[in-house]
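Heads up, there are several structures right after this.
Both of the next two complexes hold chain A, though its partner changes from chain B to chain C.
On to the complex of A and B.
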């Protein structure tokens, strides 16, 4: 009887897992299938899944350099890359200082950083838009990167601070005993062991800026059209080309999903748990 | 350690923190205050420049007597409440499932990360396509199963459209909270379960007295974070409905954006943004209070 109950239990768990996987993946798979079908197959009375219909035509068409997406991907890449680099440079220094060096009012600074994470973007977007207009930075890469720093930099400081705290203090103390200055300790002891985390934090910052839409739609017009805007434009057209719309969505999501899967361990440890354990 | 050494550390700390503090003052602190000032002004575009005129709390008065704002406010509360309850309960189930020995395979973590990592706009166009009234897969499946007898215009009816947006947002929100709760579950020491078993607790009692108690902090944090995110929802509305039909999917964040950047009523939009800001600030305070007691561990 006991074993029977156990078997039923494990069957139930397996069934639940199956449903779970289905719920998570079905919409995504449907998007992938759609992106490989021509408009005619998608707009027939019954969706036409004939294998002969499958084509990469949508991908070829949306990647044509005369279309918005190609430029969008390029702009997204540039903006996300530079935002991450700047945020990593300043953010990891600040993270280290707040974790290990006696910065005056470090707790106040940290709490402020945490609180600013919770502001609605619209609050800062309005004055920033006016300021950017004044400095002629609307619709420029630099302008968008500056605005992105407002939400990326605090995340980087927060993750890096958590990481630097996990480095054994003894390591730094023994360096100090050997006569290393604080800067040398940071340069030769702390930084080398931090490289993998720095890289992973950079990936996280990259993902967040790549996916951004709200600030992009406010701060850009035509020159710095990022990929999320290029995709959103598909849905506003008079006659939506569904296959191409989904192909663009796949192209913009794929690099990010791959990065997230590769760095999932870090995302779990660094960010998810960081939200619980301050 | 010597005083000189500590002084050096302090100096370096200041130099290391300064650039970040300056950047954050420029792109965060200044705009927050500027936005408060703007909300007390009537702002107009005049050729190249702006004309600003102080009008006291007139923006706030007209907001609170405005029907569009009132209904957006109520809808935002509804949206947030349902989203938090739905995501927390579904995520808790998912986390328990993935914490079960059979569910611990890394495959399931990968599956979970995919909806989370999808770019929000890609997610929005995906759901727009799924909900499509003529060719959408949702209509096709429900019709084939005989659940509906004619195709439904999912995004065409006020109440329905809002709930369809809610559904898409819930789907997108579950993974992160699940991961958060999963981390919480793994922090519950095993001996607590053994002790409970020794005391004769059955599975349900173990869940209530060990699991649920152990998850209290992660659950409260999830509720706070998810409320903040639900109040911020924008991308989905922008892509799926742009607030239609008849403004029935206009939530606060979207309304603030529309008033400011579509209708160019900057002071009025800033006032709405500040009301949203106050709501989220209260939630942020709650979040910080929950985390604070653990802060004491930090100092050496």
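On to the complex of A and C.
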């Protein structure tokens, strides 16, 4: 009876996981299939998923540089790259300080950082827009990076603080006894030990920034059109080019997918290390 | 090589006093253990000696020189941490040689000295491994190697055996003692394990809530504990301490514990205050003479058997050699060796000599 119950339980968990994976993958599959079908097959009353219609025409069309996808990808890349570099640099410095140095009122600071995460984007969108206008930062890379940092940096601070706390204090004491200056301790001990986590956090910041749409559409016009905006523009006033839109979406997802696959070991290691005390 | 002197060292964390008025003198080459339960301030004190923690007031001197404001490195101390604190991303060789690398010693010299230390600690086969690929005992040896290579004036050990299993702990204990005999470097060892302290140390400093309770050789600490606290903390099983009272009967002084009265030597001087009496299990004898008591508990531990007996108003544990065949409920004759009785002022808990 016990084994039977356990088998049923295991079956149930598998079933749940199966459904979960299905729910996650279905839109991706739908997008992949759609990106390979001609507009005519998609705009008929009942979408025609017949594989006879299979075509790569959408990809050829969107890869035509005049369509702006390339420019979008380039902009997205620049913004995501600098967002993650700045977020990592300041986020880990702040995280280290909050975890290790006796910063006065560190708990208050941490709660304030956390509080910034409690407002939905829509609430801060208008004040941010006004501020950016004041500083002439609308439709600039710098402006978008600053806006992204406003919600990515706090998360990075928290992740890094959690991680630095998980490094045994004795490691740093030991380095001090061995004769390392604080800077050498950071260089030879803390930094190498933190690399997987820094990497994971960096990838996280990159993905967050790359996928962002809401602030991008508010804060940019023509100069800094990121890929998510470029994709959305396939939906026009008179028609929506579903095939091309999804072909662009697939192309825009590729860097993230590649990033995740290449560095999945680091990402998992990093997040696990951040979560569990050593 | 160095002498170490602590003068009225005090450390406060906010309103909590971790170490109070602590003074101690350690001779060159001595092995001294700071012994006490967790939270008594011994690790804080070790960190103060190392220079990893600033003290609130007081002085630390090495070779008569005040080192309060020197970094751990400048004090030339080496420390072995409780969790070893091996650098996880460095190989064994890199771990051991790290301090030399920081001092920018030539590569060749670092390699030679690492090899020398590795030979001494039998780590030669493991030099290219990462710490996570080592067993607990091997990690421990690497941690010691990292300390030894520095050729420090003082070794500091912060409960270095607490993560090892019982058998390995005793083996490593022996290795540390051998190392001390060989190198003769002044060593400060922190532990809460009284057996470790007794077996390793030239002198033991028993700590209680940030105070120094007693400082002396293992023998003094064991057989002449300064207080009830030390008496109870040292020795296994714990010393039996009785709250009885003196009586005068048949021209002799006796000490009454419930239904029994222990006859005391004629030379005794009875103080005019309540006195507790203590005795260690090896001086509680079960045999032909003495007072009757009932066996309550029989605990064989191999070379000895601990037998707990009770009588009306008291109980005590006796240590007998070998395996005992006594059964709970049996009535036996129990005798306390009067020369081994210890007396404590009930009020101050200090030990007092009565003859």
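Methods note: the second predicted complex is superposed on the first by the 220 of 278 C-alpha atoms of A that agree within 3 Å, B and C clash if a C-alpha of one lies under 4 Å from a C-alpha of the other, contacts with A are read in each partner's own complex, and residues count from 1 in each chain.
Going forward, a residue touches a chain if its C-beta (ideal position, glycine included) is under 8 Å from a C-beta of that chain, and two chains touch if they have at least 3 such contacts.
Note that the coordinates shown come from a computational prediction; the quantities given were computed from them, not determined experimentally.
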| item | value |
| --- | --- |
| Partner chain in contact with A:176 - chain B first, chain C second, else both or neither | both |
| First, second, both or neither for A:63, with chain B first and chain C second | neither |
| Chain B versus chain C as contact partner of A:257, first or second or both or neither | first |
| More chain A residues in contact [chain B versus chain C] | B |
| Chain B versus chain C as contact partner of A:85, first or second or both or neither | neither |
| Partner chain(s) touched by A:188 [first = chain B, second = chain C, both, neither] | second |
| Partner chain in contact with A:168 - chain B first, chain C second, else both or neither | second |
| Which of chain B and chain C A:121 touches, first, second, both or neither | first |
| On chain A, positions contacted by chain B and by chain C | 173, 176 |
| Residues of chain A touching chain B in the complex | 10, 13-14, 16-17, 20-21, 23-25, 27-28, 30-31, 34, 42-43, 46-47, 90-91, 93-94, 96-98, 100-104, 106-107, 109, 111-131, 146-147, 149-150, 153-154, 157, 165, 169, 173, 176, 181-183, 186, 207, 210-211, 213-214, 217-218, 227-229, 231-232, 234-235, 242, 245-246, 248-250, 252-253, 256-257, 259-261, 264, 267-268, 272-273, 275-278 |
| Complex contact set, residues of chain C against chain A | 47, 50, 52, 71-73, 77-79, 81-83, 85, 87-89, 98-99, 102-103, 146, 150 |
| Of all residues in chain A, those that touch chain C in their complex | 168, 170-171, 173-180, 184, 188-189, 192-193 |
| For the chain B and chain A complex, residues of the former touching the latter | 1, 5-6, 8-10, 12-14, 16-17, 19-21, 23-24, 27-32, 34-35, 38, 50, 94, 97, 100, 102-103, 108-122, 124-130, 132, 134-135, 137, 140, 171, 175-176, 179-180, 183-184, 217-218, 221, 225, 228, 231-232, 234-235, 238-239, 253, 256-257, 260-261, 266, 269-270, 273-274, 276-277, 280-281, 283-285, 287-288, 291-292, 294-295, 298, 300 |
